[in-house]
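Before anything else, here's the structure in question.
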């Protein structure tokens, strides 16, 4: 599974942001399905400034798509 | 919490820019919740040219989304 | 072949996400057609935090295009 | 201050480009407010090919937002 | 020449993808016109995981533009 | 000067692509105005695979904006 709920539509920006974080992680999981390797790499990037910033950049790109899908949750 | 106020709508571009900086930081905080580790990493990237530039790039991407959400604050 | 089915239209977000992963891989395959070299490089990036994050970023960009093509699968 | 004039609207593309450069710098300044540190880092990135190219990329992203805000200054 | 045929319009997504790969290469060729140097660098990036992933990212960005130009080849 | 002709409008995609390359270079020139330093750095990035690829990525982003400004030169 790459998109939980198989939908980009969320009730709120907060949920859209959570979805952005989730789908970016699921790409990593699909590319490296070995839990032990991923766990080791998570220790690396959670303690490395550039890697953490790179996580942030990818979430920003995913969120742009999800926000557009939801018409930016405008009322 | 990933989006303060649970909304992308802001009164002005300045507030939109502040929101872009805030939400990009909150992704880092959620990915690395340990305050001590984050504090140490902040020292790294605030003193490293490439890391600072990377912060700037992610803020630019987040701001693009927020600006679109607000129809660029056109009058 | 760079785009399986020669179309960006998919039935669901999940299939759109799979397409994003596939087309990003096919660019690599076309750029480096030697299976043995690619296999060796895959071992590198599947075990390197920055490379995995970079895979994630490219998939995010491809997915943005596919999601727009499908009007975000809005009902 | 993150956006001088608190507006993304400019009279010309040239002014829009200047604004893109300015707002990308103001994020760096806000993230690293120490003038002496910033001055030292500026020496680094102004003399490093990858860092200069990274400056260029972030300005390109900021400019995309500003150009859209101004409807690309079409007559 | 930077854009073969001087047009972004293609008959199919597959041809659009090929165009994305071609125009991204032509920027490199224009920036480094020496065939011998380019050939040497191609050996580098075709055997380096991060460089190949970077090729993929740039193609993704070029393709986003070409896909939008073609209204995503919707029927 | 950051945008030659102070306009994003070009007659053709080819000219749009040339403009993308020009404006990306002018940001570098403005950030590092010393001709001798820039000349030295150009030697670096014209002979480094990752730097050349980075040039290509920034041109791709600039071109996306210029192409949108010109409605993709659709007839």
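Note that the chains take the letters A, B, C, D, E and F in the order they are written out, and that residue 1 is the start of every chain.
Following the convention adopted for this analysis, a residue touches a chain if its C-beta (ideal position, glycine included) is under 8 Å from a C-beta of that chain, and two chains touch if they have at least 3 such contacts.
In this text, all values refer to a predicted model and were calculated from it rather than measured experimentally.
**Student:** Starting at subunit B, figure out the least number of steps needed to reach subunit F through touching chains.
**Tutor:** 2
**Student:** Would you kindly count the fewest steps from subunit B to subunit C, each step being a jump to a chain that touches the current one?
**Tutor:** 2
**Student:** On C-alpha atoms only, rotate subunit B onto subunit E and read off the angle in steps of 5 degrees.
**Tutor:** Superposing the C-alpha atoms of subunit B on subunit E needs a rotation of 180 degrees.
**Student:** Most remote chain relative to subunit D, going by C-alpha centroids?
**Tutor:** Ranked by distance of C-alpha centres from subunit D, the top chain is C.
**Student:** Comparing centres built from CA atoms, which chain ends up most distant from subunit B?
**Tutor:** In terms of C-alpha centroids, the chain at the greatest distance from subunit B is E.
**Student:** Taking each chain's centre as the mean position of its Cα atoms, how many Å separate subunit B from subunit D?
**Tutor:** Centres of subunit B and subunit D (C-alpha means) sit 15 Å apart.
**Student:** Taking each chain's centre as its mean C-alpha position, how far apart are subunit C and subunit D in Å?
**Tutor:** 31
**Student:** In whole angstrom, how far does the Cα centroid of subunit C sit from the Cα centroid of subunit F?
**Tutor:** Those two chain centres are 27 Å apart.
**Student:** Two or more other chains touching the same residue: where does that happen in subunit B?
**Tutor:** Those would be 48, 50, 54-55, 57, 61, 64, 68.
**Student:** If every chain is a node and each touching pair gets an edge, what shape is that graph: line, ring, star, complete or other?
**Tutor:** ring
**Student:** Touch as defined at the top gives a ring of chains. Read it off for me starting with subunit D, then subunit F, then onward.
**Tutor:** Once subunit D is placed first and subunit F next, the ring gives D, F, E, C, A, B.
**Student:** For a test of understanding, state which residues of subunit C touch subunit E in their complex under the given definition.
**Tutor:** Those in contact with subunit E are residues 1-3, 6-9, 23-24, 27-28, 30-32, 37, 41, 44-45, 48, 50-51, 54-55, 57-58, 61-62, 64-65, 68-69.
**Student:** Which residues, counting only subunit F, touch subunit E once they are in their complex?
**Tutor:** 12-14, 17-18, 21, 46-50, 52-57, 59-61, 63-64, 67-68, 72-74
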